[in-house]
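Just so it is clear, A, B, C and D label the chains in written order, and each chain counts residues from 1 on its own.
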Amino acid sequence: MVRAILLILAVVFLAAAPFFGDAVMIQYGIDALLFATLAQAWNILGGFTGYASFGNSAFYGLGTYGTAIAMAQLHLPFWVGLSLGAFLAVLCAVVIGLPILRLRGHYFAIATLGLSATLAAIISNLDISGRNIGLILPLTRNDVGFYEEALALLVASTLTVMWIAKSRFGMGLIAIREDEDAAQVMGINTTFYKVVALMLSAFFTAIAGGIHAYWITFIDPASAFDLSLNVRMVIMAMFGGPGTVLGPVVGSFILSAVYDALARSISTAAALLFGMVIVLAVIFMPRGLWDLGHGLRQVGWRYFLQNIRLHRL
Amino acid sequence: MGRLLAATLAALVMSLPVMGHAQTKTVTLGAALQITGPDGNLGRYFRDGYQIAVDRINEQGGLTIGGQNYRIALKILDSQTDLNLSVQQYGQLVTRDKVDFLLGPYNSNFTLNDSVIAEKYKVPMVSGGAAAAQIYSRGYKYIFGTSPPADNYFGSTLEMMTKLDPQPKKIALLVADDAFDVSVRAGVRALSAKDGFELVVDQVFKEHNADFGSLLSLTKSKSPDVILMGGHETESLNFIRQAKSLDVNPHHMMALTVGVPSADFRSALGKDAEYAFGMTPWMASPVIRDRWFGDAQKFAELFHRKLGYEADYHVASAVADVETFAYALEAAGSLDRDAVRDAIAKSDFESLYATIRYGETGQIDIPQIVIQVQDGKVVPVYTDHFLNKPRYPVPTWAKR
Amino acid sequence: MLFAQIMVNGLLLGGLYGLMALGMALVWGVLNIVNLAHGAVVMLGGYCVYFLFTGAGIDPFAALPIAMVVMFALGYLLQRYVLNLIIRSAQLNTLLITFGLDVVLTYLAQLAFSADFRAINPSYAGANLTWMGVTIPLVRLGAFVTALILAGLLWALLQRTRLGRAIRATAQNLVAARLYGVNPAQLYAVTFGLGAALAGAAGGLYGMVSQVTPYVGAALTAKSFVITIMGGLENPFGILLGGVFIGIAEALAAIYIGPTFTDAISFGLLLLILVARPARSLRGA
Amino acid sequence: MSAGAQPMLEARGLTRRFHGLYAVNDVSFTLQPGEILGLIGPNGAGKTTLINLISGTLFADQGELIFEDRRIERLHPYQRAHIGIGRTFQVMKPFPRLSVLENVTVGALFGFGGGERNRDKAREQARALLEFTGLDRRMDQNADQLGGPDRKRLELAKALAMRPKLLLLDEVMAGLNHVEVDEVVTIIKKIRDSGVTILVIEHVMRAIRSLSDRIIVLHHGEKIAEGLPDTVLADARVVEAYLGKRRA
């Protein structure tokens, strides 16, 4: 109960923030909120079922292009574009999810990566998507509006994950992560569960892509299907705690802030330090902040050494 | 943290002289450039070009705006060739760092995105490294560019070709699929239809393509008189090296949109750069006068002395961007953004880069000078008349 | 004639592709690490050969073995003191850590060598010979032959030596490897080092036919993925064959479908092969 | 085994090959409601494969499976779970990072008839089963922290939570000491008394003899004997194939 009240307060605070912060804060906020949504969306499949998708950038790209094609080429309103993007992404999740969700481990990761690269290559050859040149959307001077939309999307995705974590459906997803063969013989329709998780993941990812497209007003295949964006989703979700409700959100807020601070103060070496942070995080806190919190409370700083002892050769 | 502290201290020290003159005020220009990351080698041209122009203007007493003496300050951030970060940083420059005006990043793609910030906050931005038509055709009012339109890049080359003997007929046109090169292609197609050239090869390849084996073999099989190639520097470099190794020789000549003017490019190619035609909107010539640097040649010498490498048209274009603001600020007589914006639109001055006049859309239109590598040096060959004798027709790889 | 030329282009390019993927396949097959920093190691190998050539005047082909030794050392250290620490962690973590390493190596290279592109340009770089109307670039032929030799050496090492048998046993299971009396930590590091050495050789050759910048890595990693999947993890020559297949497919696609479709073709093929293979044979790997 | 009785499960000519080798070859048998059928045979005889075929973890190359009048050989494992087939794994498959209670809750949430929809009710059922199997003390521990015997119990509790009509037990007593074996035998008998039909693979002869109503013996994938425990265990071929091999 206390937790629920705290969360509601946090959301109210975030919703009110743009009326007190300056324009950069809002801009930074939009980015951070969208990233958190992407991490949370990745978490639905990656965190709960353990299927590490590198194809979320494909859903992001479809959301982006759905919105852009609707607005720039067909002159339809924004919400129609968002729906089109989300529809394309969810459709793609069903069609491609069925065959590739049979693959496990690295093979699944690479197939999803191939999906994203293939879609990017196809989009860059289509006239309706402006080929490799990209599309220009109309300019809107309403960053506060974009901020609130991004926040609403993050809240919606987090509520969805909250429901998953408490539901029978979520229990099924977790069972798949823990042992898929066992989950099957216990009566879980694993294919169905995985595809639904992928669809949910695709849905939120696509909407985030659509909002970002309208905000930034220019998209091209390289930015819409950016693999490094996908890697960032994974890192943020993993850093926070995969398969938890708030881990991915907290993780992505922290990493966004760290990255932003690095990029601002020591510009040139920021990416380098970010790479090192990833390496160190994987070594010393491979299960994310959530686990780190528990671990530190239980065994203190020895938690870090314990991780190495547990995972080294 | 230590670095942050050091940076703050440095900033303080740098701002000291300004504080010393109570009557001198500051106008700040800001840019987020690709200092690191894949575009880092070209981003630094803009950093150095902006910096040398600002320093020079300040050394010579700064500007007089509305009767008040001003110095120019420059705030440059490194976008690390990260598009998202670049947009964020431009936002930060405007709203948090409170810079007065914006200078553009390198390349069309970044400018397409970053100019949205300029438009959103109604801050004039002058960009020196973006030629794609899309940037200027959106009806935006606050973006200006000193790169000539992409669709006319090969204009002077094709014009020259009509005057060459033997007269070339068959053209192989190969361009990348990015915004800039697609515009280049559209221009060549229109012009070659007008001038009666035949496009025997007309292919678009993927941006960042590294292997041209198939395209070169196809080209060879069509035996063109001329190869026109449009792509980034890396693609152009691969293209020439692979043309040599596959023994692909156009009968008469090969011309490239980018690369030839850059020393980096020529030294990477070594002898294979010889005879290649290219283009530049700018040469370090003593006849191009400039208020602060004297003339273009003097500028080039100064630049080389200070920075240790050769200035090319990117650098000159960057200087012209800063000078655009200098002239416009003096003309507007205030730092009011809309007044300055209108003054920029009315720009008409001689710079070491070219005569600066922005067209309807905000883009400058100046002709490309056809250049050729002759004995390892870049020699201007043609503008609307021959400047020097081209080495033509070009010998085959085997006969060099 | 054009067709024959295209096939030869594809074949020769494919050999280089195959060599690039060889190291990745070895590490993947034996250590079950999909190394996202693979392309970065290729890139470093390229710089290594470049500096040996321009700085010390060593012929690029002669510089390959030196570059391989240097990259072996780098790979050995990375595995021994970094990757071994997390080898039993969740599979995704190996992806993440190698991604982090990729970023670190790329930006270190940028700091050390700047973003300028470097082409390895020996006097014979553009030389070629013509045979029945088909032009064969000498450097690419050299690269192809080098790829064959290195694949052969790797095969011999794996099949004919005690070390090789220990490495193969490790691929089956770790306990079996202990029977060879080899310290697994050592063995892992040696295997990763071998993979890096092969990547280094590929980098040197890549610098000769193309150019090296700190940022070429990601594209090369992606290409290696595709080929590794095509070629399977079992046999070095299978990998080379995978490379040749992709090389030819791309060369043909560039002419007969359109040059902007090469990526769509190779990644589409990757997807197709993964989806079409029987699920069981891919499980758990 | 009167001809008129309706069998719980009937297998006809079940066959499964791996790389051309027969793991299970033309095996037929029936299982009556309320019966405990013992399945024995030396290592590699195909016992686990047979259970995999019944639970759907593997598909049969040939043969038919009839469960309560219904052909099921093409059903997916989860569908078989829904109609009432539950199993344990020889190589135990607990959900390692879930608590013991959660592990069993999963069984209750899914399993027969699609399971209990409400997570709280499912948890209550799971709690009851943990008491039944003697695991209630370990309820809140993670499954990967359990010792061997407790893992066996957990495996059993998970399968029971599915409320199966037919329970397939794959070596639930391996590695247990005498006292523990007796406990488990008692539990299994109780399960049967509650109306569950059971197929049990076991190496512990003492247990199989006291548990089974009937026994079938597999050897090299083929059924070589079937009948009452005492008869089968005295069969010369069985002694040679199975016991003989064990002594060697």
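Brief remarks on what is shown
The rule is short, and it goes like this: contacts are C-beta pairs under 8 Å (C-beta built on N, C-alpha and C of every residue); 3 or more make two chains touch, one makes a residue touch a chain.
The structure displayed is predicted, hence computed values, not measured ones.
The highest number of C-beta contact pairs joins the chains A-C.
The most central chain, judged by the distance from its Cα centroid to the centroid of all protein Cα atoms shown, is A. Between subunit B and subunit D, the centres computed from C-alpha atoms are 75 Å apart. Computed centre separation for the pair subunit A/subunit C is 31 angstrom, with centres defined by C-alpha atoms. For this pair, subunit A with subunit B, the centres built from the Cα atoms lie 37 Å apart. Under the contact definition stated at the top, the residues of subunit C that touch 2 or more other chains are 107, 258, 260, 263. Residue numbers of subunit A whose C-beta contacts span two or more other chains: 124, 131-132, 268, 271. In subunit D, no residue reaches two or more other chains under the touch definition.
Pairs of chains meeting the touch criterion are A-B, A-C, A-D, B-C. Those residues of subunit C lying in contact with subunit A across their complex are 28, 32, 34, 82, 84-93, 95-97, 99-104, 106-108, 111, 184-185, 188, 218, 222, 225-226, 229, 258, 260-261, 263-264, 267-268, 270-271, 274-275, 279, 282-285. Taken together, the subunit A residues at the contact with subunit B in this complex read 22-24, 27-28, 31, 124, 131-134, 136, 139, 141, 143, 216-218, 220, 222-223, 260, 263-268, 270-271. The residues of subunit A lying in touch with subunit C in their complex are 46, 52, 99-100, 102-107, 109-111, 113-115, 117-118, 120-122, 124-125, 131-132, 227, 231, 234-235, 238, 268-269, 271-272, 274-279, 282-283, 286, 308, 310-313.
Residues of subunit C touching subunit B in their complex: 1-2, 5-6, 9-10, 13, 107, 110, 114-119, 121, 125-128, 130, 135, 137-140, 209-211, 213, 215, 219, 250-252, 254-255, 258-260, 262-263.
Residue ranges of subunit B in contact with subunit C, taken from their complex: 36-41, 177, 203-206, 208-211, 213-215, 217-218, 220-221, 233-234, 237-238, 241-242, 244-247, 264, 268-270, 272, 397.
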